[in-house]
Amino acid sequence: MEQATPTLEELHQLLRMSETINMEIFYWWCIALMVVIHAGFLSYEIGASRLKNALTAGVKNILAFAFIVPTFFFFGWWIYNGFATGIVPNLEGAAASLPWSGSMGPNIKDNATGIFWAAFALFAATTASIMSGALIERTRMSAFIILAIILGSGVWILGAAWSWHPAGWLTTEWGFHDVGAAGCVHTIAGFFTLGVLINVGARIGRFNADGSANEIVGHSMPMSVIGLMLVIVGFFGFLGGCIIYNIGGQWTNIYGQPTTLSAFAFNTLMGFAGGLIGAYLTTREPFWMMSGGLIGIISVAPGLDVYYPPLAYVIGMGVAAAAPLVQKFLVKRGIDDAVGAFAVHGFGGFAGIVISGIFIAGYPNMGEGVPPVNFLGQAGGAVVLALLGFIPGYLISLLLKKLGVLRVPAHAEVRGLDLVEVPAKAYPEWALTGASITVTSAPVASEVAVGAAKPA
Amino acid sequence: MEQATPTLEELHQLLRMSETINMEIFYWWCIALMVVIHAGFLSYEIGASRLKNALTAGVKNILAFAFIVPTFFFFGWWIYNGFATGIVPNLEGAAASLPWSGSMGPNIKDNATGIFWAAFALFAATTASIMSGALIERTRMSAFIILAIILGSGVWILGAAWSWHPAGWLTTEWGFHDVGAAGCVHTIAGFFTLGVLINVGARIGRFNADGSANEIVGHSMPMSVIGLMLVIVGFFGFLGGCIIYNIGGQWTNIYGQPTTLSAFAFNTLMGFAGGLIGAYLTTREPFWMMSGGLIGIISVAPGLDVYYPPLAYVIGMGVAAAAPLVQKFLVKRGIDDAVGAFAVHGFGGFAGIVISGIFIAGYPNMGEGVPPVNFLGQAGGAVVLALLGFIPGYLISLLLKKLGVLRVPAHAEVRGLDLVEVPAKAYPEWALTGASITVTSAPVASEVAVGAAKPA
Amino acid sequence: MEQATPTLEELHQLLRMSETINMEIFYWWCIALMVVIHAGFLSYEIGASRLKNALTAGVKNILAFAFIVPTFFFFGWWIYNGFATGIVPNLEGAAASLPWSGSMGPNIKDNATGIFWAAFALFAATTASIMSGALIERTRMSAFIILAIILGSGVWILGAAWSWHPAGWLTTEWGFHDVGAAGCVHTIAGFFTLGVLINVGARIGRFNADGSANEIVGHSMPMSVIGLMLVIVGFFGFLGGCIIYNIGGQWTNIYGQPTTLSAFAFNTLMGFAGGLIGAYLTTREPFWMMSGGLIGIISVAPGLDVYYPPLAYVIGMGVAAAAPLVQKFLVKRGIDDAVGAFAVHGFGGFAGIVISGIFIAGYPNMGEGVPPVNFLGQAGGAVVLALLGFIPGYLISLLLKKLGVLRVPAHAEVRGLDLVEVPAKAYPEWALTGASITVTSAPVASEVAVGAAKPA
């Protein structure tokens, strides 16, 4: 193991190389754990489907991943690097992110681009998967893929360029601070999904003619709950991807302010635990409890680097306790979010950002002339990102609806999508109850009733 | 990437900073993988419940995590740092662990406290989860939460302060050596659980009026078995949390003695493999095989740093082969441990420590005046930790029993806890056999018979 | 935290020690994530079995792991280090890998052997698990264990010594390049399995007397699909184990050529995504889609370090689209591979290597006199490794067949292996359809028909 003693400068370069390798390793494991998010979402989403749609839900979830990766290679990464200042691309700054750039492939002089691209691609796939569960059991596969690509390789990453980038205009102009991506990932995904839900409409049988709602529940709550715990595992990869390993010094957040993984560890666990309790208080059931754990992490994500941990517990608890009420409100409005994706990600992210405007206002941003964190900046940023999600989600799904390609035909929906989409059976040997056909607690209404209704 | 060449001292500080970051990363991944333990336990425990109790088992498991995290923040971590010498707290030494200390939150001068606290909090949650499975299907939720907090944020961490801490009195006085936490985590959790099991009593139908036993089996053995393999994955996080990353040098175990991750890798895999085989030899079924894999790791945990790997295989095999017999012995005594938690963790940990007293006796402990590892110290330490677990588990559950709040009413137990605890259904579309109501192989006895009985 | 300033030489040694620790950590996490492969395979293989065989499939899968670890300790690791040049062992070079060597156990002077051994042992267990699924529902447990040990601790590691080792003769003589182990792991495992399948024969009912085929499908496709996504998670551990952390410099591949984790990240994700799409195009169902994701990674594994990422996408897509046709071809030939293991691993690995001979021909190998990568070397290497797998798989299973110990008796197979092998029930409370007894779409043929048949 002995070698000639290097000079001071050589040794410095050796240390920098060592740190480069360690940075690459860190994000490699972030990527691997973000794949766990996909194993978790797959389990969760299949479990949340009725038997007649279970495999179709799996296919949809898997296809989202399959389409996000190449599209994020061809244009998603370029968007992140080109649009920090708004909607006019910085062509020069983003040139290295063009798919034919020497950085966008194996390059032994570049230990960074591939690993960062891959981590962001997993963020993108996660964003698309957030929408996926909400739309099960009636959305057409091709329409979903189009929406997933627009959300995962377009909209969210534009939001990331604006709000989760050292030069993003929301930060440089308004002092926006959201270290854990509650805005660009969760708020955008949630509001985009809300826009789509309005157009795709409720599943047949979800609402009665008088506007009252029936419960439609998935075929395996254990599968969903275990899947959600895997999503929590994957969150450690996701949040690891939100902190910057610096050659030669302390961690920084995405905006360049010093922080520590220790801070992230404190607040992630406390937010998670608070969220579990909050949702338990208002629902007492495990699907919402685990969703509450997610909400807890999402709602403290903006201030992971600065919250006092018991405050993170309280924020997580409060937002998670409120989220099931948001879901009930949507049901009252005739909106059928099959897994509560808007309540968890849209509301959880939005509320978390607004709340952070109260508790971390005054925290300085790095850089000359950048305003400190302030309530209006946080709340305004949350609104900008919510709109950035909602508007394209609504408009594109409206277009798809007008074209008649957003939703499967009613007869296919009633018989179950697996019959038409998937040449295989989920559980060929099990006996089923009539419940697989009629899951409603009241006469089936084939039309979607919108308006005042008793909460499910 | 070029910078001015630093001085030798500056470069030394840069290296130390680099190592600090790497330490923090290492434990971050330990934490993430310990969350996998919880995904695994959730799957395992739901699978081990009958259909009528499946969701309640999940809720219980999730709530344990939710309550351990904040209580471990408020007092668990302080106990670890304050009670190494016995039962008189070292108030000065533990001051930095008080919840209002500057270390107990984001602090860019402290890259250690948060990550260590979080790793220990996951150990705590694991300890509580060990008890969780044993008590399913009849324990009251509120009583379980109280017991989980006492075990997870109180008892085990006091045991850790005594036996798994460089200044713990069991080590400094008796030479106790238990690098993989077989004592403070597994032995304590197992014996605490045993104490509770005596008071909570068997599930209705588990024993007949004549004392003979019926088998009560969970509704999905595949779910349990796959969950246990995830627990094994998580064990790599757990055992990683048992080795100390040192700035400027070789790994040490928790007592400050040099060791390597390589040693841990050798003996973890060999103990695991031996345990699988051992349990196969005496049971031939996958639930006990996977439990045997756990037992294998637990039983070699005390000497992970020093065993010759084939010895670890043999120890794991022997202890795992014996554990199902321990479970049968408990059944004969009328004790209904629903998942064999005592046999796996209590017996496995205890036996592993005692056996280590034979094979690693004479191994020197670091520090002036600290006795070397010796059989009496190991066996005595195992007894101390077993009592430290058993006594509070027994007494507190006895108190809860006297107060009439330990166990659910018999009619709720017979109908199934999901009906009363959880406003949701686990599997609404599946057809069930009568087996969900009467799982016994003999006439149902509605009273719990305790005493001599034929093994199941 | 302050210390005396070290000398330049001392500081260099401190840096080297830091890197040694980081190397050990990197492979520790590779090992942990490769255990995820086993959780995934367990889920996948149980799900792919009919209910009557579900637990036996789990036991078989677990036992493979349990037997590979010790046999890989006693002779597998020695084979890797002794047979790089062919079939005459290098006794001197492999002496440190003998089980009684000081390196083969805890040794505070050696932070490498244990962690490398463990990573390779997990590769070995993965190799054996590849075969495992193909043989479910009719292979005798003892025969499977023998075959698993020969494959996992013998054949593949000999192939690794030849083709995935800096001194392996296939590289030094022919210029063979296969950084991601498509050959020694996947091609060998697939062709070994094919050899066994020919002798073990099809499951009763798989083929009709006229040679036409019936579908036999597993009892839970969701369980299989989720398991496969966990295998993908584990692949990041597997591929991490394919890159060499170097003290003092850039990553190298197993042959000593410089590369980056970034390159691996680019091509792993792109190959995976392409494979998902490819299999979707030809099958439209989630089991093959997830298998296609595996095929995508396997097929780009030879050139992970050099492919342009969109090329990896295309290769993955093409090979994965073709694999279901390979499975159909086997069915036509009367070969009953229950999970498509040959199509995924044997065909996927073989095709990936041959294709790499087109796209990376001319890439220089390090070292004097070592030929550059070339088409004949790649294709020839693929053939050598395919034969190295096929011949022992075929001959040993033929011997076991002649001895009458390869396959369970027909009556046990018809009634289900769980009845004879496992004293437990998988799902005691569920109602089953007749499908658990008669899964064929035509009259059951109790004899295995081999020959031309319509594809299933």
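As written, the chains take the letters A, B and C, and residue 1 is the first residue of each chain.
Rule of thumb we're sticking to: a residue touches a chain if its C-beta (ideal position, glycine included) is under 8 Å from a C-beta of that chain, and two chains touch if they have at least 3 such contacts.
The UniProt protein names, listed by chain, are A, B, C = Ammonium transporter.
All values derive from a computational prediction rather than experimental measurement.
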item: For chain A placed onto chain B, the superposition rotation in degrees, Cα atoms, nearest 5; value: 120
item: Same-site or different-site touching of chain A by its copy chain C, using the half cut; value: different
item: Distance from the mean Cα position of chain C to that of chain A, given in whole angstrom; value: 33
item: Where chain A touches two or more other chains, by residue; value: 8, 11, 15, 18, 22, 29, 33, 220, 430-431
item: List of chain B residues in touch with chain C within their complex; value: 8-9, 11-12, 15-16, 18-19, 22, 26, 29, 33, 50-51, 217, 219-222, 225-226, 229-230, 232-233, 236-237, 240, 245, 247-251, 258-270, 272-274, 276-277, 280, 283-287, 289-290, 293, 305-310, 313, 430-433, 435-436, 439
item: In the complex with chain A, residue positions of chain B that touch it; value: 1, 3, 5-8, 11, 14-15, 17-18, 21-22, 24-25, 27-29, 31-33, 35-36, 38-39, 42-43, 46-47, 54-55, 58-59, 62-63, 65-70, 73-74, 99, 104-108, 110-115, 117-118, 121, 220, 223, 227, 421-431
